[in-house]
Structure formats: structure tokens, C-alpha cells
Amino acid sequence: MQKFLDFEKPILEIQEEINKLLLDENSDSKLKIEKLEKTCEELKKNIFSSLSVWQKVLLARHPMRPYSLDYINLITDKFIEMHGDRCYGDDGAIVGGIAEINGKSFMIIGEQKGRNIEENIKRNFGMPHPEGYRKSLRLMKLAEKFNMPVVTFIDTPGAYPGLGAEERGQAEAIAHNLQEMIMLKVPIISIVIGEGGSGGALAIGVADVLAMLEYTIYSVISPEGCASILWKDASLANLAASALKLLPENLLELGVIDKIIPEPMGGAHFDIKAMSNNLKKFILEETKKLEALDIKKLLENRILKYKNMGNLFN
Amino acid sequence: MKVIDEKLENIDDNIENKATFPKDMWVKCEKCKNLLYKKELEENLYVCKKCGFHFRVNADFRINMLIDNGTFREYFSDLVSKDPLNFVDIKPYKEKLESLYKKTNKNSAVITGIGKLCEKNVAIGVLDFSFFAGTMDSVVGEKIYRLGELAIKKNIPLILVSSSGGARMQESILSLMQMAKTSLIISLLKERSIPYISVLADPTTGGVTASFAILGDINIAEPDALIGFAGPRVIEQTIRQKLPDGFQRSEYLLNHGMIDVIVKRKDLKNKISDILDILSLNLNIAKKAQKHNL
Amino acid sequence: MKVIDEKLENIDDNIENKATFPKDMWVKCEKCKNLLYKKELEENLYVCKKCGFHFRVNADFRINMLIDNGTFREYFSDLVSKDPLNFVDIKPYKEKLESLYKKTNKNSAVITGIGKLCEKNVAIGVLDFSFFAGTMDSVVGEKIYRLGELAIKKNIPLILVSSSGGARMQESILSLMQMAKTSLIISLLKERSIPYISVLADPTTGGVTASFAILGDINIAEPDALIGFAGPRVIEQTIRQKLPDGFQRSEYLLNHGMIDVIVKRKDLKNKISDILDILSLNLNIAKKAQKHNL
Amino acid sequence: MQKFLDFEKPILEIQEEINKLLLDENSDSKLKIEKLEKTCEELKKNIFSSLSVWQKVLLARHPMRPYSLDYINLITDKFIEMHGDRCYGDDGAIVGGIAEINGKSFMIIGEQKGRNIEENIKRNFGMPHPEGYRKSLRLMKLAEKFNMPVVTFIDTPGAYPGLGAEERGQAEAIAHNLQEMIMLKVPIISIVIGEGGSGGALAIGVADVLAMLEYTIYSVISPEGCASILWKDASLANLAASALKLLPENLLELGVIDKIIPEPMGGAHFDIKAMSNNLKKFILEETKKLEALDIKKLLENRILKYKNMGNLFN
């Protein structure tokens, strides 16, 4: 089932018309199609050049947006998913495994949402439990051993706030990951591909290179959570979204991320292949740069980067 | 200066403003509801003599309680938040901070410095719940980082006492990044085998628990402290059921493997001292041996 | 030579003697009870075409299945147990061994050697459930240790396929110590970043699971294999209740975080090959770079 | 409540008589006492010099035998118990903490049995769950960091064979400990103080120096378990006990242990203080020897030791 946002509907209407015409064998439909396609492109441009912060939040959470496994399947030549934290369980909200891309090996780890009820039960709506973070750490240590760069895809509303998660040390699992990632002796590239939800995102997001796709968000709290704390009204989430400065351009300006990866016109979900190509190119290029450094230098840079995070005092 | 806060039901909010402590001679215990003579309560380190309830106390009080008289030297007290996001709130973030500076006579939610604990040099940082619910912003992160650097430079143990609502929303992503930054300095200490004791007091939640506070070589909790990642209200809303008794309290965390030891406030200083003594015994021997070999 | 064993209800016992496989042309599937044509079953690697049930197969069969034709070279096959405890049984341990030597034409419960897997050199060891229930005695421990040393010397990956009732009772403490010894060689491999793939087949229990078998860089299980520490009967006796369906089976272990991936027998060779390819890609690059720098 | 074994009863009867006489102020009771004490000593000597294997098994499991915490309390000048595996729970069947003995620091870890129902529920009859082994490993890594020798006390019927234990990876927890202990960069001294029950004992027993108290056992399976497998009759445990060669002298001969620590006449429970003194002396002496080696040599020795375990082939 396709689900689209309100502001995307005009685009879809034209595209449906085009699709109808494509089935029509009438001779002048070709011309009509060309015209409509041009209109569509302009419409897209118009709509997407003037998106509000809130519309961008909605795009980041778009139900048709590609998820980690979508990218992994398109980017890798081989991928073998690995399971489990060797301690308690296997968390469906985080996937990970070894991969081959263009003759090089990678450890790819991503937060994973579901597309339907069944999937979302398995994936817990992309909200990891401690065992998810512990699995990801296990895989990173394996990557370290086999000299594989780590690539993480961030896409979570946040770490799951539930009884079992607290019981099994959600805070410990996150903190432990931070502590270990900062010292991991292989390059780490993290990319926000949808929602960057607070500590649950950061727990797999300590990286040498941190990037965000164009229509993604990353903040310390969800706009809804922020609004309900500040104004006791979650429906003011759009206001909170602006206050939180959660867009890629904000984070780039604040020195938190290193790069914004452009999305195809209309967003990643309009052209998953093009998006995957961008992503793959980005990963390969950045890996190459990072691997040119020796490990000592790599770690020095990483330490310096996080040491200077938020150094904006009077 | 106010030493204790009211116990607040909701630690997700920024509730420092609501804290209006009765200034009279008697205090009602939040747990057993008995009236306590304030002076006696203070002598008992703000622990109820009737039921053992540990009142929240501010950072100055804790420093006095843990550090040998007259030996504390504060560091980095001049650091002040810049409101890097120009955060819009009901009241602008900057104004909120200004009023806190005046009210608390502090520049941030953490006091950091060096002093002696039972005659041992230590670097100590104490989060102050009475300042913006002890939340971690860029300044808190930076002060803890610098304190850790100081501990490394002077090769002395680090003690951090937490009491915090987590990362500070008003600095959004920058607050979040302080989790990585503070975890980094703990990693650097660990690499150098410098002892780090984390004391978790009521309440310690969110990004503070999920970074330096849970990463102690030894994690000590005060009795009955609320310690967790998500706040209880958020969890209740998520799972739509009431939380079990004792959930996210010190004893619960001990049983679930997150805390080494629960220590009553009156025993805290001596316990830390004992721990530091034991942890450093063989390090010192090793160092001496090393020197001898050189 | 017998390739498959009967499925045995009780893996705690030394049940290899009970395994009498029907020599006729038809085999009854232990799971779906369908009659299978033996030749077809063999072609299908002893996996039931009807229900996917994986029959137990012996070590020779597995080596043939995983190692490129004609490339396997066995090592350490001359090592024989000495019965160091003079163990008293209904039948003396020594006699038991003697009869097994004759019956299986093997000297121990593990075959170890070097061969090519999809043209890659590997060190491979396969436990043989048809020899003393694949139990680990001093010889099994020693052969696995030496195989690991060989992998280190030749810098090639190690693959161990387990199917075992655990440590062998008849060598008591010496069998137990093989858990430490085999874990040691795995540690030495890990230090050197030499890939170690553990394949857990039905059944893998006791001291074999609790040492090298669970320590793979990648743990692969065959479908529906029984994998655990304590045997199901012991657990049932301890907790005095029936075990839940699927308990200690591959899928259960995957869900509980112990297994990386469940691989059907027909895919096993290629999957291992893929894993080894990926794990070694950057190691090789790093090695080349290192050589280049020298 | 005092609980004694059948073969100890003659000794106890004399001791009771002595105790009665001690309360008596009669002048010739002193003489009687002296006589009785002499008889008692001789009786002890007789009984204990001709103990059967099975009687020794019973002594190893003696309900009055000192447990880990008993020794820890008597041996250490300071002891701070530490809890938890930082992952799932705190296991009462394994205790551990940092300790000071004679101005030196140690990490002491021990399997802990209980003396009454309440204690035994807490201690699970000394049968650890995975979180116990994971706690012990966490403490060992801490010991490594602070250069503290590790001392472990082995006293368990075995790792607990239950649903939760299997679920949370009993096998993984044990194997992981073996793997890490073998490489731990501080001296490890393990002492069997009661029952050495299979993998559950070994999981904290990979050591540079492995010792057994005089009346303890260590084997791959309990005599009862062995008997019920071999002869389908657990009551033949005494036969199995002999077959398993589970006494200290057997293990010394097999090269598995390094030393037998003598117990006071009548067993450790007859004189806990004397036993603790022996133990303390042993720990301090062995630590001194081990610390004289540099770490590289220490590990080489340890590796060599386990490499050669059971090297008895034709």
C-alpha cells in the first residue's frame, strides 16, 4: 500500500494521470505526457524548495521512505546478516552484518523500521532494546578485528522506553556503545537516513564521518515530546521542531555533522535507486579518505572532534 | 542557599522553578510524612531519621559532605552557556538561564573542582538538580570533560555525583553530543587506569545515565534513588500500564546488575575512600616498580 | 560406513551403540515419519525433502560435503586415548574404545585436517557423533588445539563443526580441562585475527557448547539443531516441568542471541565461503599494504 | 543449627562430653577433659586417615563447611562487595569484590552456597546463572585494569541447568569466561574450597595456580549424575565417585592442580580460623611468586599449562 503526505498529493495526481496516459495508445498522449512530466517536475521543485520544517519532519518519517535493509540490499554485492548479542536476545530493531561492496568488506549496522503491523512488531517500530545496541557493539568489535570499516544507518524514533528495556539496562547499553565506538580502531561512518531520535540514534552514531540525508532530522527529543514538555501540548510539535534546530543544515552549521547527502527530487522514496547510488558513492569515497589515515591519526581526529562538540561558550 | 529540593513527581519537566522549600524550622518527610526538625535533619545530612529517606541536596552541600574541609578548589566556574540555538520557549532560554544565575549564584548545572577526600586528592564534579534540573548542556559536558582531563593530568581519581533530568532539551543536538563527549573522557581515563567512581543520586535519568553516570569503574547509588534511561511518565505512557513498585529505584538497579553497591549518605565519603584506597594500592606498587626499573 | 545416526532422545547417554541404521532402501524421517528413498536422501545431503528435517551425519560425510573433492588431508589421526583414569564402567572404558576403533575405523571423536573450501585453504575439524557421542576427551581437545595451531602457522581460517554430547565423563577432570584448552586456542586465533567459523549441528551440548563451539566469530547452526549447555532431560529433572516447544533448538538460540545465522545443509558450503571471503577481504588488503610499506 | 555426618558423630559425642565437663566445676573434670581430648584427637586421626572416597565427597559438601564469604571475611582487612553484570542481573550464587589483604589489593570472586532455605534461594544452592559468570568476568577485567591479582573460590554443584540459564546463554557465559581468563593480564589463583562441579567450576577456575583444599572434589560430572548415566542408578554414586578420580591427590597426579592445601584435623569446619590462615598464607605466597614474573612470562606459563592439559596419549 502506498501512503503519501498531503503536500505530495498534487504530484501524485499528475503522476497518476501520466500513468493512465501511458496505457493509452492515442497518438497525442505522448505530447500530453511530456507536458505533464514537465509540470510535475516544476511542481516538485516548487513544493520541495519551500518545505516547512514540519513538512521536512514528516518526510523524515515518511512511511514510504527507504529503510536500512532497503539500502543494504541495493548497495551491497553480498550481505550476510548476523544476529544476536551473545547474551540475551536478537533485536529486530537493529540489523547488522558483514557486506561486500566493490571488492571491499564492511560491517553495516542499521536501525530498522517496519512497513506493516507484522513487520513493526518484529522491528518494534525501529525502537531498539538494549540487546540491539549490544548486538551492534558485538558486530563493531568483530569489524575491528577484521579491519572492516563500520557503516551505520540511523533511523529511530528513539531507544524503546519500556519495562524490559529499563530492566536490561537501556542506559548502560547506550553508554557502553558510546564508550567503545569512540575508541574503535576502524573507520566509522554514520548516516541518518530518516529519524535521528536522541540517545537511541547516538548509540550507533559516534563516527568519524556523520552525515544526514537531505530530508532527515536529528535531535535530543522528538518535537512532540518537546512540545508536551514546554507547552503541555504535543500538537505544537511543529513549533518545537523549529525550536529544536533538527534539520541537516542546522546540524552542519553547528559542526555536529560533516555532510548532507542530497536526495532525489521528491525525496528518497521517489527514487530509491538514485538515492542508493548517492549513498554508495558517499560511503566509498569517505571510506577511502578515512582509510588513508593511519589508525592513530584516525582516533586522534575522532577524539578531537568529540572533544570539541558544542564548544560554544561565552 | 537552598540545600534541598522538593521531591518532584515528574523529572521529565524542568521543575526547578517549582521548588519552593518551606523556610520554617520543620520539614515534612516526603516518604514517611513525619515532621522533622530542620537542624537535626541537616546534621543527619538530610536523611530522615525516621524512615531513612534521602532528601535531594544541592551540589555545594555534597561537596562539603565529601571533600575535606577547606581543601576544595573550584575549576571552570566561569563557563556559561551561549544559547547556541537561540532556543524559543515560553520564556526564552537565555532569560531562564539569567534568572537561574541570579537565583542560584551559579553559572551551570555542575560544580567541578579538585579537593581532598579523606586526604586523597580527587577530581570531583557534582551535578546540581536545583539548576535546570541538573540537565546536561554544552557547559556541563565541557566542564566534565575538562575535569576528566585534569584528573588525567594530575593522575588522580575522578568522582562524579549525578542528579539530573538528562540532556538539556534547550540545546538539542548539542546536549545530545555531550553524551558522546563525556563518555569519551571516561574512555580516556579508563585507558590510563585512573579510577572513576560514579555516584548516582535521586534522580539520574536520560542522557546522563546513558553516558558517564553508568560508566563508573564502580557505580554507587544512594538508597531509593530513581535511576533510569526513560522517565517513568514516558514509560507509563508508552506501555499504558502502571509501573511496578520500586521500578527504576536503586535496589531494582542493583538486582538488575547496573549498580555495584548502594551506600547511605552518611557512609558515602568513607566508602569512596575505601574503594579508592583498594583500587590504587597495586597501581601504586606497579608505579613504584616501574620507576625502580627505569 | 554408516553416515547417519538415529535421532536419539537422550543425548546425555553414550548412545552411539544404539545407533543401528536400517540398511534397506527406505528410511523413515524422524520428524514427518514419511518414508524416504535412501539414495535420494543421500543426494539431498540427508535432509528430508518432505519436511526439511536434517538427519545426523558423520564426520566423513561432512568433510566430503564441505571440502573440495580430493583436497582434504587429514592430520593428527594417530592420536589415541590412553584411558588416563583407568575408568571403571560396566564395560571398561578401554574396551569401549577398542570396539569403537574397530567399528568406526577411527581413532577419536574428531577428524581434523586441512583442505580447500571453494578453493580457499581452511583448517577444518568435525566432531563425529557416531564415535562416543562426539564427546570431548583429551584426544579431541588435543586435536582441536593442534588444528588451531596449524591454522595459525598457515594463517588460514578455522572451521569447527560440532555434534557432541559434551565433555567425556570417562576422562573426568581431563575432559573438563579440554574446555579451557580449546578455548585457549580460539583465543590465540582471535588475537591474530584469524577467522574462526563454528558450525553447530544436532546435537551440541555441554562442555563442547560451553567452550569452542559457541565462540565462533560467526556461529552457524543447522536448522532445528539441539544446542545448549545442560541436556533437556537434566533440565526437566531440575525444574520438574516439561520444556517448552522448540526449547534449545537453533531458532530459539537465534532469538536468544547466541547464533548468528541458521543455514540449511545444502547452503552451508557456499555460505561459509561467502563469509570467509568477506572477512578476509580487508585483512588481505591490510596485509598487502603492510608488505608494500616494508 | 549444626549438622554433622555420620562418621563425625563419635567425635562430636566426645566433644559434647568435654563441653559438659567444662561447665562442671568438679576438680577432677580437668583430668577427664584432658583424657577425653586426647581420645578425641586420636579418634579424629583414625577416622580421617581412613576416609573413603565417598566420605570425602560428603566432607566436600559438608553443610557446616565454610563458604566463600566466610573465608573472605576472615582473610581480608577490607572487602567491598560489587554487584551485577551490567547487562541483566546480579547473581547471588557468585559473590565478588575488591579487597585489601596485608596492604595489597585483590579481586576476590567466589561461588557462594547458603546455609538455610532463605539463603539458598538467594544463592540458588551455589549454582550460578550466566549473569553470575558475566559479573565475575566484569570484575576480572576491572582487576586487570587496576593491576589486582584475581583470587577465585570454587564451590558449586555446577552451573544451574534451568530454563532462564539456557535462555540467557549459560554455555556462552562459561565459554566467554574461559576465553578471557586465559588471556587476563593479572595473576589468577583459583582454589576449590568445596565442590568443583564441572563447567560451572571451571568458568571461574582458569588460573595460574589452581589448588584444592584437602577435603574437596573436582570433576566433570557429579558422582550421582555419573552413576545414573553409567548404571542408571544414582545411588551408586559412591562407585562413580571412585571412578571419576575427583580427589585432590588424583588431580595433583594428573597435573591438573598445583597444590593441595591442608585442612585442620577434622576438616575446615572444625577450625575455620586455622583454615583461613592457611588459605591466606597460600594466597599471599603464591601471589608473590606470580607477581615476580612479568606479564608476558605469566601469560606464557598459563598458556603452556593449558596447552599441555591432558597430554597423555599413546
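Letters A, B, C and D name the chains as they come in the text, with residue numbers starting at 1 for each one.
Everything below uses one rule, namely that a residue touches a chain if its C-beta (ideal position, glycine included) is under 8 Å from a C-beta of that chain, and two chains touch if they have at least 3 such contacts.
Bear in mind that the values here come from a model prediction, so they are computed numbers and not experimental data.
Student: Out of curiosity, which chains are bumping into both chain A and chain B?
Tutor: The common neighbours are D.
Student: Let me spell it out: compute each chain's centre from its C-alpha atoms, then which one is farthest from chain B's centre?
Tutor: For chain B, the chain whose C-alpha mean is farthest off is C.
Student: If you average the CA atoms of chain B and of chain C, how far apart do the two points sit, in angstrom?
Tutor: Here the centre of chain C sits 51 Å away from the centre of chain B.
Student: What is the distance in Å between the mean C-alpha positions of chain C and chain D?
Tutor: From the centre of chain C to the centre of chain D is 33 Å.
Student: Determine the centre-to-centre distance between chain B and chain D, using the mean Cα coordinates as centres, and give it in whole Å.
Tutor: The mean C-alpha positions of chain B and chain D differ by 40 Å.
Student: Multi-chain contacts in chain A: which residues touch at least two other chains?
Tutor: If we look for residues of chain A contacting two or more partner chains, we find 86-88, 168-169, 172, 176.
Student: Touching at least two other chains at once: which residues of chain B meet that condition?
Tutor: Residues 190, 256-258.
Student: Taking chains as nodes and touches as edges, what kind of graph is this: line, ring, star, complete or other?
Tutor: Graph shape, chains as nodes and touching pairs as edges: none of the named types, so other.
Student: Can you identify all of the chain pairs that touch?
Tutor: A-B, A-C, A-D, B-D, C-D
Student: Across the complex, what residues on chain A touch chain C?
Tutor: Contact set of chain A toward chain C: 78, 80-90, 98-100, 103-105, 131, 135, 142, 145-149.
Student: Quick check: in the complex, which residue numbers of chain C touch chain D?
Tutor: Per the stated touch rule, the residues are 12-14, 79-82, 84-85, 87-90, 137-139, 141-142, 145, 167-169, 171-181, 183-184, 186-188, 190-191, 206-207, 209-215, 227-231, 234-235, 238-239, 243-244, 247-248, 256-258.
Student: Show me the residue ranges of chain D that touch chain C in the complex, using the header's touch definition.
Tutor: Interface residues on chain D, with respect to chain C: 159-163, 165-172, 174-176, 178-180, 182-183, 198-199, 202-203, 206, 218-221, 225-226, 229-231, 239, 242-246, 250-251, 254, 256, 303, 306-307, 309-314.
Student: Mind listing the chain D positions that touch chain A in their complex?
Tutor: Within the complex, chain D touches chain A at residues 86-88, 130, 134, 168-169, 172, 176.
Student: Can you name the residues of chain B that touch chain D in the complex?
Tutor: Residues in contact with chain D: 190, 193, 195, 217-218, 254-261, 271, 274-275, 277-283, 285-286.
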